[in-house]
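Chain lettering (A, B, C, D, E, F, G and H) follows the sequence in which the chains are written, and residue indices restart at 1 in each chain.
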Amino acid sequence: MITLHINGQPRQFPAALKIADLVSELDLLGKRIAVEKNGEIVPKSQHGNVMAVDGDQLEIVVAVGGG
Amino acid sequence: MDPLVIAGKIYSSRLLVGTGKYKDFAETRAAIDAAGAEIVTVAIRRTNIGQDPNQPSLLDALPPSQFTYLPNTAGCYTADDAIRTLRLARELLDGHDLVKLEVLGDPQSLYPNVVETLRAAEVLVKDGFKVMVYTSDDPIIAKQLEDIGCVAVMPLASLIGSGMGILNPWNLQIIIDRLSVPVIVDAGVGTASDAAIAMELGCDAVLMNTAIAGARDPVLMASAMKKAVEAGREAWLAGRIAKKTYQASPSSPTSGLIGS
Amino acid sequence: MDPLVIAGKIYSSRLLVGTGKYKDFAETRAAIDAAGAEIVTVAIRRTNIGQDPNQPSLLDALPPSQFTYLPNTAGCYTADDAIRTLRLARELLDGHDLVKLEVLGDPQSLYPNVVETLRAAEVLVKDGFKVMVYTSDDPIIAKQLEDIGCVAVMPLASLIGSGMGILNPWNLQIIIDRLSVPVIVDAGVGTASDAAIAMELGCDAVLMNTAIAGARDPVLMASAMKKAVEAGREAWLAGRIAKKTYQASPSSPTSGLIGS
Amino acid sequence: MITLHINGQPRQFPAALKIADLVSELDLLGKRIAVEKNGEIVPKSQHGNVMAVDGDQLEIVVAVGGG
Amino acid sequence: MDPLVIAGKIYSSRLLVGTGKYKDFAETRAAIDAAGAEIVTVAIRRTNIGQDPNQPSLLDALPPSQFTYLPNTAGCYTADDAIRTLRLARELLDGHDLVKLEVLGDPQSLYPNVVETLRAAEVLVKDGFKVMVYTSDDPIIAKQLEDIGCVAVMPLASLIGSGMGILNPWNLQIIIDRLSVPVIVDAGVGTASDAAIAMELGCDAVLMNTAIAGARDPVLMASAMKKAVEAGREAWLAGRIAKKTYQASPSSPTSGLIGS
Amino acid sequence: MDPLVIAGKIYSSRLLVGTGKYKDFAETRAAIDAAGAEIVTVAIRRTNIGQDPNQPSLLDALPPSQFTYLPNTAGCYTADDAIRTLRLARELLDGHDLVKLEVLGDPQSLYPNVVETLRAAEVLVKDGFKVMVYTSDDPIIAKQLEDIGCVAVMPLASLIGSGMGILNPWNLQIIIDRLSVPVIVDAGVGTASDAAIAMELGCDAVLMNTAIAGARDPVLMASAMKKAVEAGREAWLAGRIAKKTYQASPSSPTSGLIGS
Amino acid sequence: MITLHINGQPRQFPAALKIADLVSELDLLGKRIAVEKNGEIVPKSQHGNVMAVDGDQLEIVVAVGGG
Amino acid sequence: MITLHINGQPRQFPAALKIADLVSELDLLGKRIAVEKNGEIVPKSQHGNVMAVDGDQLEIVVAVGGG
């Protein structure tokens, strides 16, 4: 069991996983999002390589209406 | 109308609009179409994990192919938060680097924190962003932001969402006189005449959100703002008459009157 | 835009313009076309006996078939002169009875003489004229002019030709609130935003001459005024946001910020 | 010889004449004008009947640009 | 301060005050003393038949021997009512003929009815009254009232009791420039700076009631108004600096700086 | 008047004045006496080597025993120059540590450079100075200056020497609401009413130089300013009436009218 | 019995009476007042002579606080 | 011969001298002044000890009218 902190909320996962898998886990596949891991951007091109491991802080954002 | 050039790109509309506070995306789109805006600001926010992934998104309503997105840093009170937010925005928008930087002083006034704003601007410009920066009407700070390399400087007319209009046209005038990059009045516009006044001062454009989204009829107000911005620009180009505090001047001939 | 109705006739434009002070009739016509004006004011003057009878006349440039003429009494300082002038105008224009009454107080200020104006209005209304009357921003006088039967009341924004804009919006507001006939701001507009402000107050239309004819580029200013009047009208119809002197209100969501 | 006061200026004419003739005398034929005689309008329809006689005060006006 | 002369009588105070709306006569007297006023307005009203005849009266609190009474026609909407009221006042005050004429247009706005005011002024002046007349800021009417023989013309700053201050300084300026009799701003003053501004325009005096009587601390506000009127008068006499919209001018020497 | 407390010291006057731009020291002294000022600003400049050492000096005209000196840093455009200048001032005035810090942005506008001002303030406060600081009307910067430990924050009304008065009362209001240390409006006052308005906003005091020294009669204007500051303070303490944009309220009884 | 209309109110009196007597009747003796009878001022000097008769319209006024 | 830079102007002096002596040299004795030497304040109490030597940068200031 590992814990990821996603958008400020702790979440359990059976094991470390690729960002890409995490994104699909979260039903965000195909959505326009951006991911930051421990303060660093994870480029889309790297979602297939970069692993999210226990204790990682992740920010996953979208564009919303704003002025 | 004469085109607006920001960071080398030409725009025919001098009205930039926000996308917040609308009833729904349909109203958002209708208002933005009525405004004739080409540049629209968006906010960057966390995904609501677990929400229905199929609900429509802003990007469906306003395809990035048809509009120039201007991701902002609304809600950021430090340079670091603003920088992180815009890096996420650039990743989100596939490397799109035209951004709106705003670092606020406090949640009550939403007045800009110009020290943090200068700090963030330096980092972002070095990092390759094209920074359109929200700031106060301080002409010294405005010039420093231009010198740092911001592609547009956007002083407030009055507090964000206040609708108070242009409180200090004199400071704006100094900024307009001194800067070479586009000066865009951002925040505080309440109604059409406020936008016209901003353009008559010689501003290059106006950015607003609440004045349109908060109106009783947002789509009609959007149309009013489009016309007001054009009217103000044309009046500035046309060269208004001088104000005469006293001696009136008749519009009809003063000779040839009957019975004289 | 919602139509303007004066004396039972419908107009789509809410911008009325004068025809004085232009370089030539070509410029006059170009500016009026750019303004989209349907009602144009003209002055009545003695023929210059012996001048070349073949030189072009205003009526050639602005065919009465295409425009609604509004003969004025500019230069009249007594009720009698104004009445005589408008009777000549009616004869001149084949019985056309829509007229602009103005009785001025003195040549320096051109401020209306409201006592003589009331006197002339009574006679002219009895005599069958449809009187659009220029007056001060005195709400009591404005109401009396409506009660006499004037078809439109036209308070000044500021002195004729001064370009000072709207000096006392409060009085105009009272007039607008109280009158049923169209209220048209006449005189004092200097630039586009002035016209927008007048319409945002709830005026039915704006009448101007010097602001357009005296601009460096009259035709462009005419276009600016057209857009400003429409912008102001639409803003008034759309219902502007309330002014908030203090607490700002963000246009972007305050939740979902990163790192929070 | 009669004298007419036209637009404030005295002018001599051999004899009394119809307003219509006066108008053509003044090269104003076909122009859009209005005529006032001694403070009273002379309708176009009457130009052929009404005479201008010695001492008459006449105003002959046109529309000009004005605001 | 340079004296004020009205109808040949010299006054050292340029602040005239009303006596209405106070908690009691003690407060009335204390406020008027703090204001240093010499001329006080009073209203004329029917005796309440049957009320206790021994209760104190205004004349006990403000002995006519110590103050110049200025009976007004507040509440009169016709020339006739105003004339009758002032004739009763003259009888009441043993032939005292200095009066304040006001004929109002309607009870909602209390805006002057200038036509009835002119009518009443003519009758009263012929009847030997020294008329100080409340009117609008219409410069033509103001001049006519002087020509009729009024001893002071008192244009409004804004609506009676509104506290809106001077809405149209330009009209007041024209009136001040043109009239020879004292011009006294009457009605609309809300706070001390309003009174100062009126005097800086060149008014001869200011008349107020609500701004003092309606303040949280009427006596302290009366003192503030006294100082504000004197400050404004002195500033006008002293000749203010010109406004410079741009180039600032340092107050300290620009040479002799260290390290230069 | 209620006393003003700066850095623990009590002052009875709320008018601070500069000592520049006067004809001679006699006029300087006469004006300052008329103003009733207790705190006077002075500039620090190089001695003119070789000039007659016996000519009178400012300190003879204004003995430091009778006035609180406030040495300023006028003409300084960097934190370092300002710090050096004030250290010299402290040495010059035998350890006197109450100073006016101003770091300007450029010689054309004399607008403050708030970044350099913050920098200098931190150093000076640490170094034991009691810093009264000139700044813009930026409420975020004003609060930061208080947090640094400045003993008074002095926002501008408008550009130094411009006489434009208070251009943005809303920002000043925010500053006044938020700060605990005295807020003193510094720069831009042009005439007496400007000073009254500043005090009516709730400012603790006003600092000026050009408005007095540049008047046609400086001594009379000094007296006007003294009264205006007191009037504004008293009006603020007395609690002005609310503004009523419309419904007027009569000052005389509405019942008991004759003939009713 | 006569009726006087005083300040708009009808009032009965046994008979016609001098203004001076009416004033004392109304407890207004010695008070600073002015009297108008049927639209005409009755000077104090005449209060002892002028009679108030049936149907007279009288206005009796004082000075009160006003602005 | 030494050179002192006083208020930005070079000046020759026969030899190094105390600040106190320099002040009297400059006719500033008894005047209210402050002295900075090479960017550092020289307190009055030290004028009798501190020497001004060749190449020193000196600032000598007074209070003047300013706003």
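We take it that a residue touches a chain if its C-beta (ideal position, glycine included) is under 8 Å from a C-beta of that chain, and two chains touch if they have at least 3 such contacts.
Here the structure is a predicted model, which is why all the values come from computation and not from measurement.
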Labels of chains that are neighbours to chain B and to chain H: E, F
Most distant chain from chain C by Cα centroid: H
Pair of chains joined by more contacts [C-beta pairs], F-H or A-C: F-H
Interchain centroid distance [CA atoms averaged], chain C/chain H, Å: 74
Computed distance of Cα centres, chain E from chain B, in Å: 47
Cα-centroid distance, chain D relative to chain G, in whole angstrom: 68
Centre distance in Å when chain G and chain H are each reduced to the mean of their C-alpha atoms: 94
Multi-chain contact residues (two or more partners), chain H: 7-8, 36, 59, 61, 64-67
Touching two or more other chains - residue numbers and ranges from chain E: 18, 20-21, 43-46, 72, 74, 84, 88, 109, 111, 159, 164, 170, 174, 209-210, 213, 245-246, 250-253, 256, 258-259
All chain pairs that touch each other: A-B, A-C, B-C, B-D, B-E, B-F, C-D, C-E, C-F, E-F, E-G, E-H, F-G, F-H
Touch list for chain G against partner chain F, complex: 7-8, 36, 59, 61, 64-67
Chain C residues touching chain F - in the complex, by the definition given at the top: 170, 173-174, 245-246
Parts of chain F lying in touch with chain H, wherever the complex brings them together: 17-22, 25, 28, 41-47, 49-50, 53, 57-59, 69, 71-72, 74, 84, 87-89, 91-93, 160, 208-210, 213
Complex contact set, residues of chain A against chain B: 6-9, 11, 26-28, 31-36, 39, 41, 43-44, 59-67
Contact set on chain E toward chain H in their complex: 250-253, 256, 258-260
